[in-house]
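Okay, structure first, notes after.
The letters A, B and C name the chains in turn, as written, and every chain counts its residues from 1.
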Amino acid sequence: MTGMTRREWLLTEQPGSRRQARLGQGYRTWLALRSNRLAMVGLFIIAALILIAIFAPLLAPYDPLLGGDLRTARLQPPSWAHPFGTDDLARDILSRVIYGTRLTLMVVVLVAVIATPIGLMVGTTAGYFGGWVDVVLMRITDIFLAFPRLILALAFVSALGPGIENAIIAIAITSWPPYARLARAETLTIRETDFINAIRLQGASSARILWGHVTPLCLSSVIVRVTLDMAGIILTAAGLGFLGLGAQPPQPEWGAMIAGGRRFIIDQWWVATMPGLAIFVVSLGFNLLGDGLRDVLDPKAVK
Amino acid sequence: MTALLTVDDLRIAFPTRQGPVEVVRGVSFILGRERLGIVGESGSGKSQTGRAILGLTPPPGKATAKTLDFDGIDLRDASPARWRALRGIRISMIMQDPKFSLNPVMTIGRQLIESARRTSVPAEAKDRAMAMLEAVQIRDPARVFKAYPHELSGGMGQRAMIAMMLITEPDLLIADEPTSALDVTVQIEVLRILDRLVTDRGMGLIFISHDLRLVSSFCDRVLVMYAGRVVEEVKASDLIHAKHPYTQGLFKCLPQIEGGQRPLPTLQRNADWAL
Amino acid sequence: MPLIDIRNLAVSFATVNAVCGVSFQVNEGESYGIVGESGSGKSTVLRAICGLAPITGGTIRVDGEALTGARKPAFYRRVQMVFQDPYASLHPRHTVDKVLSEPLAIHSFDDPEGRIERALEDVGLGHGFRFRYPHQLSGGQRQRVAIARALILEPNILLLDEPTSALDASIQAEVLNLLDRLRAERGLTYILVSHDLAVVAHMCERLLVMQHGEAVEELTRARLQAREATQPYTRDLLTASEGYRPDPTLQDV
């Protein structure tokens, strides 16, 4: 690496090792993403969300669950002491919104971790093997797709009992079918390509082709789709919370907070508005990032 | 020779992270009512040259020239309205693959009539469309007239596309690898059609191709391009005796049915050629 | 005994008969050409040999052994294929290193490091290309990688499906020379499919002309060079390969 800046080392056309090749590729993607200003705004919002969730105890000025004096501190408008105001139990709304990032992030991460692999696996398997495997897997997918997400989630939650964990399971179970469809469509085009034929001619097993060669190519478009769906997932979680089927009081979940504030929406607007704004900003962040990722990762755009 | 198209110092640049890169660097030629071939390897700038004449340099590329004159019209900063009046009417372009140039959801007939209407009265358009299909040697014009592009074979599609480009009787036709997607036996027939148009109607033809053998037997004059420059301009029949080492090398590295050298002589590129 | 013995081969997909009653034999160490236009079924013959297309009639024997159903891993160590389009035959997200190490891993070859380096050396690329992605390679370099990938399992039969038709003439010459040299060095047997008579004449000792899924005629190189084709279709191909000849009727006008 003598006489070479780190940037040159990353961007070289002749990488000297596997690691350098991979890092260089990652750096190129990052450069492309960085040139998209809106995507960077989205990335900033999500990074902020993660940092706030990690450092919530340090950032929150008050306890999110314990309110102040119910006689004097209820439903205070925004002020220096309470920038977002207080709610009907005299709790500081800013602190609750800050702690709410943890719940939102948990929903987002768990849904992504559960739904993405299921969707990828079902979709690539169905697309690669075709025939009756495809028919069976895709009909199952269709059954899940046939129900509106919120309604199916409602049914699951009412069967399993309300609570944030069950809400996450319900959302995850209802959000994988689109990823399966997407992965299947991608696989159908990939499986006919010569590079898949070539690896087949080298005697690779189906499992090896699926995991080593097909899935990585489907991954980027699924990631883009998951990122774009995150806004919808947050809204569904908030919707379940709003209906009282997601996070249970006194957890500071944004949807439940809006539900709690709707009784005072006319006179004490801030109670419902502040968590609503938080949902809006985070959803926007995911959408912007997803759009940017699509420009960078979409294999059709790569020449 | 009356000049139909005059190109002087055409340059096409694309911006990159390292600054603008010129893919065409000072191409100049004068075209009469003749068959002019442009040959070169991929990346030599031959296709970009053809596109630039029609003002179709893909953004963010930018084409500049000292002169770009078509029949007394300055094409350099022609208005969109002027381009509409020229493109497809007085100057047409045939692309390599008909699949991408025909509208997949419209029958060949409707697409032909739409083009024909631009230059003649609607009542005549249908007759002219049928006549044009016959002119490009389509055996069953009535069937092709009603067909959608995907129902035609490659050769038929390419002929339909040529019919569409020629129905307005352009003065200049730019053909970018018009036959490389076709089988050799079909290729000759398509070239015959183009040949007839030049000979009978006095159309100017710019024939862009990577196939030296084809160009040398089909065109009148040939420009050989390398790295964005014209390295040699020769009479097509003299192409075998070309002087530039690049042109010679391109010819020598072609395998021959008669057999020849083994291993094949490869092209030794010289950095000076690109200067 | 011929190394590859194809008798009455038929391949049909659903309603289309892609290949119909094609027979030919290829001896060990020979280079055999198949010439035809698009849709002649020439590539389908190759695909039927390596199992990418179903054999619906006739037999294909390699070394006396009839091929049926899915091929065994051992088959792929003997028979490998190079595809037409070097832009489509390399995985867009895999480095050259990964492309070459996959087959070695599948067949658990020893010393993958040394084999990859030698394979790159053999196709004239060298170490500098080992960790590049396909988008960092030119068409000719990609095709060299594809040839290295096919040869890394040390097969003795190489199926070449229009290996140079997507390349520029100067690059084509380099790749043809490379294939020629590798065959001489390793005693490989080639079946080369091409639409270009000159390429086949240069590379192959014998060739089969195909049209509409059927064999038109088999020629030796010497007879092709002497223009001793007996079938009109072959003569058409020969005429067309010489370039454009103006329509005689047009010249009189």
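Just so we're on the same page, a residue touches a chain if its C-beta (ideal position, glycine included) is under 8 Å from a C-beta of that chain, and two chains touch if they have at least 3 such contacts.
Predicted model, so just to flag it, every value in this text is computed and none were measured.
Enquirer: Steps needed, at minimum, to get from chain A to chain B via touching chains?
Expert: Contact-graph shortest path, chain A to chain B, evaluates to 2.
Enquirer: Of every pair of chains, which is linked by the largest number of C-beta contacts?
Expert: Per-pair contact counts point to B-C as the maximum.
Enquirer: I'd like the Å distance between the centres of chain A and chain C, where a centre is the mean of that chain's Cα atoms.
Expert: Distance between chain centres: 47 Å.
Enquirer: I'd like the Å distance between the centres of chain B and chain C, where a centre is the mean of that chain's Cα atoms.
Expert: Result: the chain centres lie 31 Å from each other.
Enquirer: Within their complex, state which residues of chain C touch chain B.
Expert: Where chain C meets chain B, its residues are 37-38, 139, 168-174, 176-177, 180-181, 195-199, 201-203, 221, 224-225, 236-238, 240-247, 250, 253.
Enquirer: Applying the document's contact rule, which stretches of chain B touch chain C when the two form their complex?
Expert: Touching chain C from chain B are residues 41-42, 154, 183-185, 187-188, 191-192, 195-196, 199-200, 210, 212-214, 216-218, 249-250, 253-260, 262-267.
Enquirer: Please output the residues of chain A touching chain C within their complex, sorted ascending.
Expert: So the residues of chain A touching chain C come out as 13-18, 20-21, 25, 193-195, 197-205, 208, 212-213, 216-217, 299, 302-303.
Enquirer: Mind listing the chain C positions that touch chain A in their complex?
Expert: Within the complex, chain C contacts chain A at residues 50-52, 71, 73, 75-77, 80-81, 83-85, 88-95, 97, 102-103, 106-107, 128-129, 131-133, 135-136, 146, 149, 153.
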